[in-house]
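Multiple structures follow.
Both complexes shown next keep chain A, but they swap its partner, so chain B is in the first and chain C is in the second.
Let's turn to the complex of A and B:
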């Protein structure tokens, strides 16, 4: 902790800063090249500034665009062709039937949360424990190998996971456990999501453990704790803020995933009432294997096919805005957690 | 010197071609209709050098929205324009006929359903293939999302405007529907005829009222389920007379006997002239 606090003061030390500056001056030989150098510096500076501004402008632009189109559902704006909706009938209703003028998105919100939580339930502990094993117990070559495998897994496009789920996982579950009834639903979607977010959680958790000072482990062992006690009582608690960050980032990826989930979840907007009405199976089985829908799956299915300015299209944009704000909230939360970890 | 003159001539040529290609017709919309319109564009551009027809996707509604707003010259779509879009001046041309068929998982043991049975399957009044003389197996209904053109046709023609059962699986694209039906025991769905023909090994067709879907059955009026592919232009937004004429000529080419009975038939669609009765709006 002391070392971390000392870092900023050495960075600001004038004696250290002066070294690169003199080196730079030595490499410049004539007045002419100094002028050129100045121009290049200014040029580079404005290019970098422009890049930074473009990124900021893009994000602000997306937020403004989404807000305008999203809030259009609730305000009588000029471009609207449909009626103006109230917040309650959109956010507090589960009835989604846009052709019959019903726009409740509560079931999609519940769907997004359910599938994310289900995926985290398995992915968080297994990801963190994998990181514990790889960083603290496994030999060095394995650490390198695991890093590369995790990076590889992060790079696989989500549609590949989706196709795998649709053509392999669903028929397998249905034939093995469900006596041929369809397997589409939260379980399959959570399985796919879990495979997608575990690499994120493992990579970040490995960083968390590697950032811990070795003295913690050594101190614990010197005081007579076993390997297990050192890991469980000292190292995991010490790394916990950054582990939480890893989990929350995995959650962000899960909640925003559309393509893969869409292919295996069954996409039924009426899943809540379907689950209530069908009583032929135990509640947990019904929850796991009833075709359901989430915010992202509904967006990916309906957005390209609805008329601009209609209430339907506006509500879909409101759902997009909701997702954007949720992801922003998650990122801000990780910032806070990260700051707590650094001090 | 030689290279310099060569360079000059290349530059001159490219300028000439840019000038000649100034005439551009942009087509946007339905990904289902995209391939056939792209073929038409290729053939049409051959006989009209200097004209460029750019075909891109985006979805049926995107095509309609864009053509209504003047974002593209021609919008292609599986669905009819809304009343507002018609008021804005959007004009419809029916360019092809698309037959639809019921499909099922090969193991269901049912080869034919009556119109009423088909309706009951999708409204949820029939829930087991046993009731139709097939295997004792729960019926799994696979349908398209609410905004899909296929679902609109299905709701109108098969369900006679009643609501679908709540107990359904929904898949985004016809490809995903076919995969779902082929891997889910007891699954039933509704797709364009060409998708059944392409996937005969994985899925089974179901006859409707004793008639198997085929181009001939639609042509001689025995098979009732089909829809039109539409191309829309918005004359109010086409201020450039040359572009407007190019777009109208292109549509006339698509509707010409030569293209309709040649390329359209080969691509698995039916010529518009085969269907005598104009259907009411879907």
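Let's turn to the complex of A and C:
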């Protein structure tokens, strides 16, 4: 079969003398080693299947391990050395003092949420508007350039952003605005996160606008829209399901980020009470510039110092599980949004 | 001078004189001169790539959306120059509506699609908008099918309904001219028949300029037919004369199916 197909196309080829040799080789291969090929096929199938199973097993394994260790804090399991905690004292309390048996993680949850929302507040609109400009208004070469720059930025390791924040951003904020008092806190962390997630949002928003049929824009213009009316009233609403996906994926990246945030946020588990007690600054300034902590930074900070089976260690695992579930929820949400967007 | 043999009582609505058009280095239109009469349907026929769609798009300057376009020559609407005269492109597009080859409703409700244009021009009054929506949908022969589902997404309609919605949307801004770029090419025969009937009605009130691949369609709905070939206007005249007694050999070959 292969032979017959190859014949007509190579017949007009200038290198005609090469044809018989190819013909020979093909026929030998297809006739003589049928058994071997069958075995190879089966073998390859098994290898691929094994690889797929290993990956699935790893993911399921991580989930099971994380769930077991995460729930260990709330169940009287054999491996536990500390006392069993209640959900309320972990998830509804802001008091974190493991040495005095206090394990409230609410302030870390609030911290994660605050820093993510602050970052999104700037990153979402600016990312989407950048994509609008690049895909709908800028000349073609700029689109290509921008696409490459964004892909490059997405690939930069987060610790690099962290170094930038620690050595450049913190001193700058502190010198410019805070009369040299420390600048670590939500503001610096949100700035770094914003820089990290903008490329993701721009890149995905560009996809969203490029996926729109050109006829939509022409249709709006043909009715007498100006360029901006077409963009605001037709193109952005039409792209909105996919734009929302872009923002939500950026949010997922922000919530899960540990390294860069940990380097600039100040790592103060008791940030809520510190913020309440201090009265020397306006509330918003206090909120932005008090050293704080999030779920991820606390995990990075404390997990290496705790003994397995202790209540402290178990609660940290519960925080890990919480992060896992949040990111999972975000991914499932984007799937849903993506389906809704596919008209 | 335009190549036509009309004895028309109607005034000239659109006029083209020596219109040249190129995309980059490629010349698409070559010295087109043509008159289009008010309240008549004029069909442009010709093989693919003959420039008929491009010609159509010049009349509402929608071609300016793509870059690297060069135009020379004159286009007029009611004697006013479209390119250099005192008419803004937004004003031009309100007066010269357009229906595209593929239905392109906005992903909004049926109602929002129809009132999109009026809202652009600042109509806010709910009663007025409702009135415009009903009138436009009636003119597009769509009202009875959608009057109970105006809030539903336009994407839930059939292709033929979507195309009639696009016609209603264009009519809602009360244009003088309606450009139609192969409006039936994406539709089945039944939907096509409905659109053709509609064009027959619409030309009583509007100037219709349509491009079509389908010669029977041109013969059925248009008063005038123009034959384009390789960016040039070969022949234009009353539709009946063009189809029964073409003067140019090329026109005869094309309408009798010998090439194209």
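We adopt the following convention: the second predicted complex is superposed on the first by the 306 of 343 C-alpha atoms of A that agree within 3 Å, B and C clash if a C-alpha of one lies under 4 Å from a C-alpha of the other, contacts with A are read in each partner's own complex, and residues count from 1 in each chain.
Simple rule for what comes next: contacts are C-beta pairs under 8 Å (C-beta built on N, C-alpha and C of every residue); 3 or more make two chains touch, one makes a residue touch a chain.
Bear in mind the structure is a predicted one, so any value in this text is a computation, not a measurement.
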item: Touching partner for A:257 - first (chain B), second (chain C), both, neither; value: neither
item: Greater residue coverage of chain A in the superposed arrangement, chain B or chain C; value: B
item: Which of chain B and chain C A:278 touches, first, second, both or neither; value: first
item: Which of chain B and chain C A:306 touches, first, second, both or neither; value: first
item: Which superposed partner A:99 touches (first chain B, second chain C, both, neither); value: first
item: Touching partner for A:180 - first (chain B), second (chain C), both, neither; value: first
item: First (chain B), second (chain C), both or neither touched by A:237; value: second
item: Chain B versus chain C as contact partner of A:220, first or second or both or neither; value: second
item: Partner chain(s) touched by A:266 [first = chain B, second = chain C, both, neither]; value: first
item: List of chain B residues in touch with chain A within their complex; value: 58-62, 64-65, 69, 82, 84-85, 137-138, 140, 145-149, 163, 166-172, 176, 179-180, 183-187
item: For the chain C and chain A complex, residues of the former touching the latter; value: 60, 62, 65, 67, 90-91, 93-94, 97-98, 100, 102, 104-108, 116-117, 120-121, 155, 166, 169-170, 173
item: Residue numbers on chain A that touch chain C, as the complex places them; value: 139, 213, 215-226, 229, 233-234, 237-238, 343
item: Partner chain B, residues of chain A touching it in the complex; value: 81, 97-100, 166-167, 170-171, 174, 180-182, 184, 262-263, 266-270, 273-274, 277-278, 291, 293, 300-302, 304-308, 312
